[in-house]
Amino acid sequence: MMQKQCDMNDVPAIELHNAAMSYGGRTLFRDVGITLAQGSFHFLTGPSGAGKTTLMKLCYGALRPTEGRVSVFGEDTGHMSRDEIARMRRNVGVVHQDCQFVDHLSVSENVLLPVKVSGAVAEDLDANLSELMGWVGLTNLADHRPAELSGGERQRAALARAVILSPDVILADEPTGNVDWEMSLKILNLLIELNRLGKTVLCATHDMSLIRQAKTRVSARVLRLRGTSIELAGAEL
Amino acid sequence: MMQKQCDMNDVPAIELHNAAMSYGGRTLFRDVGITLAQGSFHFLTGPSGAGKTTLMKLCYGALRPTEGRVSVFGEDTGHMSRDEIARMRRNVGVVHQDCQFVDHLSVSENVLLPVKVSGAVAEDLDANLSELMGWVGLTNLADHRPAELSGGERQRAALARAVILSPDVILADEPTGNVDWEMSLKILNLLIELNRLGKTVLCATHDMSLIRQAKTRVSARVLRLRGTSIELAGAEL
Amino acid sequence: MNKLLDLLRGDTEADRVVPPTGFTVLLTLASSAAMAFLAVFVLALALSAGRQASAWEDALSDTATVRISAPADELEAQANAVETILAQTPGVGATHRLTADEQAQLLAPWFGEELPLDTLRLPILIEVSLDGEGPDPQGLRQRFAAEAPGAVFDDHGRWRAPMIDAASGLKTISLIALLLIVAVTGVTIALAASAALAANGQVIDVLRLVGAEDSYITRAFVRRFTLRTLIGAIGGTVVGLIAVALIPNVSLDGAVSDVGLRGFEWLLPFLVPVGAAMLAFGATRFAATRRLAEVS
Amino acid sequence: MNKLLDLLRGDTEADRVVPPTGFTVLLTLASSAAMAFLAVFVLALALSAGRQASAWEDALSDTATVRISAPADELEAQANAVETILAQTPGVGATHRLTADEQAQLLAPWFGEELPLDTLRLPILIEVSLDGEGPDPQGLRQRFAAEAPGAVFDDHGRWRAPMIDAASGLKTISLIALLLIVAVTGVTIALAASAALAANGQVIDVLRLVGAEDSYITRAFVRRFTLRTLIGAIGGTVVGLIAVALIPNVSLDGAVSDVGLRGFEWLLPFLVPVGAAMLAFGATRFAATRRLAEVS
């Protein structure tokens, strides 16, 4: 459905080189080098305010690192034009932590936004959409306004929107922050399913049980922000 | 600090009588009768979209039940004028699930909003504020804008705002939805501490571990929304 | 009015909750300034036109002429009859029989100064100054026909009408334009306030959530918008006054160069910002009340 | 211009993402309508004033009179000399020596019809029609002094000046008002677009987040606002035209009652909505581009 910007399998989906990030004078992290190979599954964890959301924003070009560089499929986001960034984002589905929606559009219109703005003409779009809405359990709410959704419903709508274009990379920022355990498992299953289809997944979460659950089913690695650096969390989980 | 609207200890802080709530044609719950005695601690749980946030809104007069009635300290919210609802809210601290802030004010100004609008002249306000900001770990971010906070920081700021007027009732809607386990425990501790000071606490959450943790320290009851009714969850937790 | 004054004293605490910057602020300031500017400008135009109209009216309408042409023996008698009639007619002020010299002067443009008047049997001319609307020409002519058939009443009407109409037409148009500008100002300010309030919906939601009474919220917004409008309108008025003061030197001379304000008229434009502020007060109150009805 | 037309064809998909209702919409519609209304109104005023000015100028300035008073034996010779001089003077059109009858008519208002002209030694009057600005009166008088000392050139100047000034003053003021209204319209539309865009900041953020290119977002907003302004301005123009068409019947008659549009002038007001739409196009593009610079 989407044109890959690079199909060579040896190019990492996302790569950070000596990346540093600070707001004003405050350094969140520095010398961070991580590589998300295509098709890999990573969790991102760390205390509140550590910079998980910030790191995700680096990955989809919403922020540029104060030092070092970030590449998406081998392309340095710092050298992309605004339009290139826009097109890159159609291949990188983001579940934003604040679940931003266009208030006056219905839930299903919001979910379809990436299709609209990309100008993609998908054949079985309606079938896709209703399958997806069913999957996240929003079939009955498709015609509601985002403001009428509950917290968890909003999060699921954001997830549906992130995957509607079937992107190669999925960045999910706390996709289970507002949902109960059962729904968390369902969302995790969707992410795992997508990963099995070859998508690269990066999922920020506070929920250690979720990570533990995932590790029983997929070879996920856990990146942990601690202090100003990032480390690979190991067996202690 | 606050005038109690009613000091008789036998009047429940919050009471729902045969309350029913539906949006459009869809009934969320009906015949719900719950009583939150003064000084009690309740959790509210149930699947995403069950109506937890809706039930909380009934409790602070943001919504009126489609049937039945809701009383706060013995007063029917359905018979309160808008100004009475406003004054009632100064005695009912709410941690809103969406953490709404005034974007152009700093975090500390946002936390102080309830003091400003109530016209209360507190003596040791500054000391109170800095203690509170320290407690939720936002001392360094007091002068930031809400938009510059991380998800968890926003939630903690909302909590600080909810308790700044030292209200008799605290309604917390997923106060730990975006924070890690350590911070969750800290927030739980604050709620338990407030409860020990005699405040009535109602906390909506998906996090069963949090409830389990709380039960070891305080005699909390768990209300669970299931189908269209509410039940007292028991030993299975 | 009292409420308005209350506002100006204000509550700086409440003030802070309304965003102090942004396009809605600029919009309020600029539109009230622009409208005040236009209003002052057109007000000056209307006042000038009114002045001009009455000046022209005065200059053109306060005299008439009665001409008596009759055989020499009847001439004097008819002239006396005419003077008697005129003295009895309401709307007629002083009368003055023109001397030979004055008649010669009147004819000079056409025939030069050396007209041999004494050899001519000239009619008698009586200049009449009119009070207010002047006499009823029809009635006067009928009485002349009866008592002084050689007298002709000429109220200069055929010269006067178009000039007076021109001036009063200008005045009417200016007043219509002034009304339009007031209406447009009202609509613009009301809509700017509503748009700004809509853009600040979140602030209102949060304030209600933390227990603010409606009056607190309304006051905060109304105060901000009234002050902004007042400031904008004062700015526009001052610039408008400067522009009006500059007009005569810039482009015009002669009759209508008289555009501008005279004496106490300079005070009238200061009603413009007051009016704008009152308008903003009402419009914001209305918009705030309506927005608040959406929040519980 | 091409881009503008492209817009009108449009992309209804992109359209949906810009809120179709709300105060900012009303504001854009109403302010462009109000401004178009005022613009049409003042345009009519300016055109009428211009017409009036030239009418007055024509009526008052295209004739002059030369009066020759001289001893009877020189009179005819001097009159001939004057006619020769006039024929050679640039700015002078046809000349016409008044007959005795015509002179009598001229004097009738003052002396009645029965003036014994034949017994009078009257001056000769030559009516001169002027071309354009007319001759240089100074030069003419000098030549008369030399060749026809009894001739006096009277260009009616003393009556003409204030009238012409009045009319052209009115025209100038109308044009100033028109310019002001155009400027105010521009400011209001630009600010309304900016305010609306600021109020829709969230939409822009979301669109960028899901991969919309800047051009997509700009187009959606620019299209909406240009169309809204166009619709508002067309509405205002139509109402303005109706108002202008109604004026004469309502309040005025006589000289300035001529306010309104004549012939092809009825087409000019249709430039107003076109101008407003172009203004909205530019303003929204500018505002959208600036807002987009804040989002990565």
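Chains here go by letter, A, B, C and D, matching the order in which they are written, and residues are numbered from 1 within each.
By our rule, a contact is a pair of C-beta atoms (placed from the backbone, for glycine too) under 8 Å apart; a residue touches a chain by one contact, two chains touch by 3 or more.
In this text the structure is predicted, and so the values were computed from the model without any measurement.
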Labels of chains that are neighbours to chain A and to chain B: none
Centre distance in Å when chain A and chain D are each reduced to the mean of their C-alpha atoms: 63
Chain C and chain D, separation of their C-alpha mean positions in angstrom: 21
Centre-of-Cα separation between chain D and chain B, whole angstrom: 68
Category of the chain touch graph - line, ring, star, complete, other: ring
Contact pairs between chains, per stated definition: A-B, A-D, B-C, C-D
Interfacial residue positions of chain B with respect to chain C in the complex: 61-64, 82-83, 85-90, 94, 96, 100-105, 109-110, 113-114, 116-118, 161, 165
Touching residues on chain C, where the partner in the complex is chain D: 22-24, 26-27, 30-31, 34-35, 37-38, 41-42, 45, 52, 67, 69, 103, 106-107, 109-112, 114-116, 119-123, 125, 152, 154, 161-166, 168-170, 172-173, 176-177, 180-181, 183-184, 187-188, 191-192, 194-199, 247, 251-257, 259
Complex contact set, residues of chain D against chain A: 13-14, 16-17, 19-21, 202-203, 205-216, 296
List of chain A residues in touch with chain B within their complex: 23, 45-49, 52-53, 97-98, 137, 148-153, 156, 173-174, 177-183, 206, 208-209
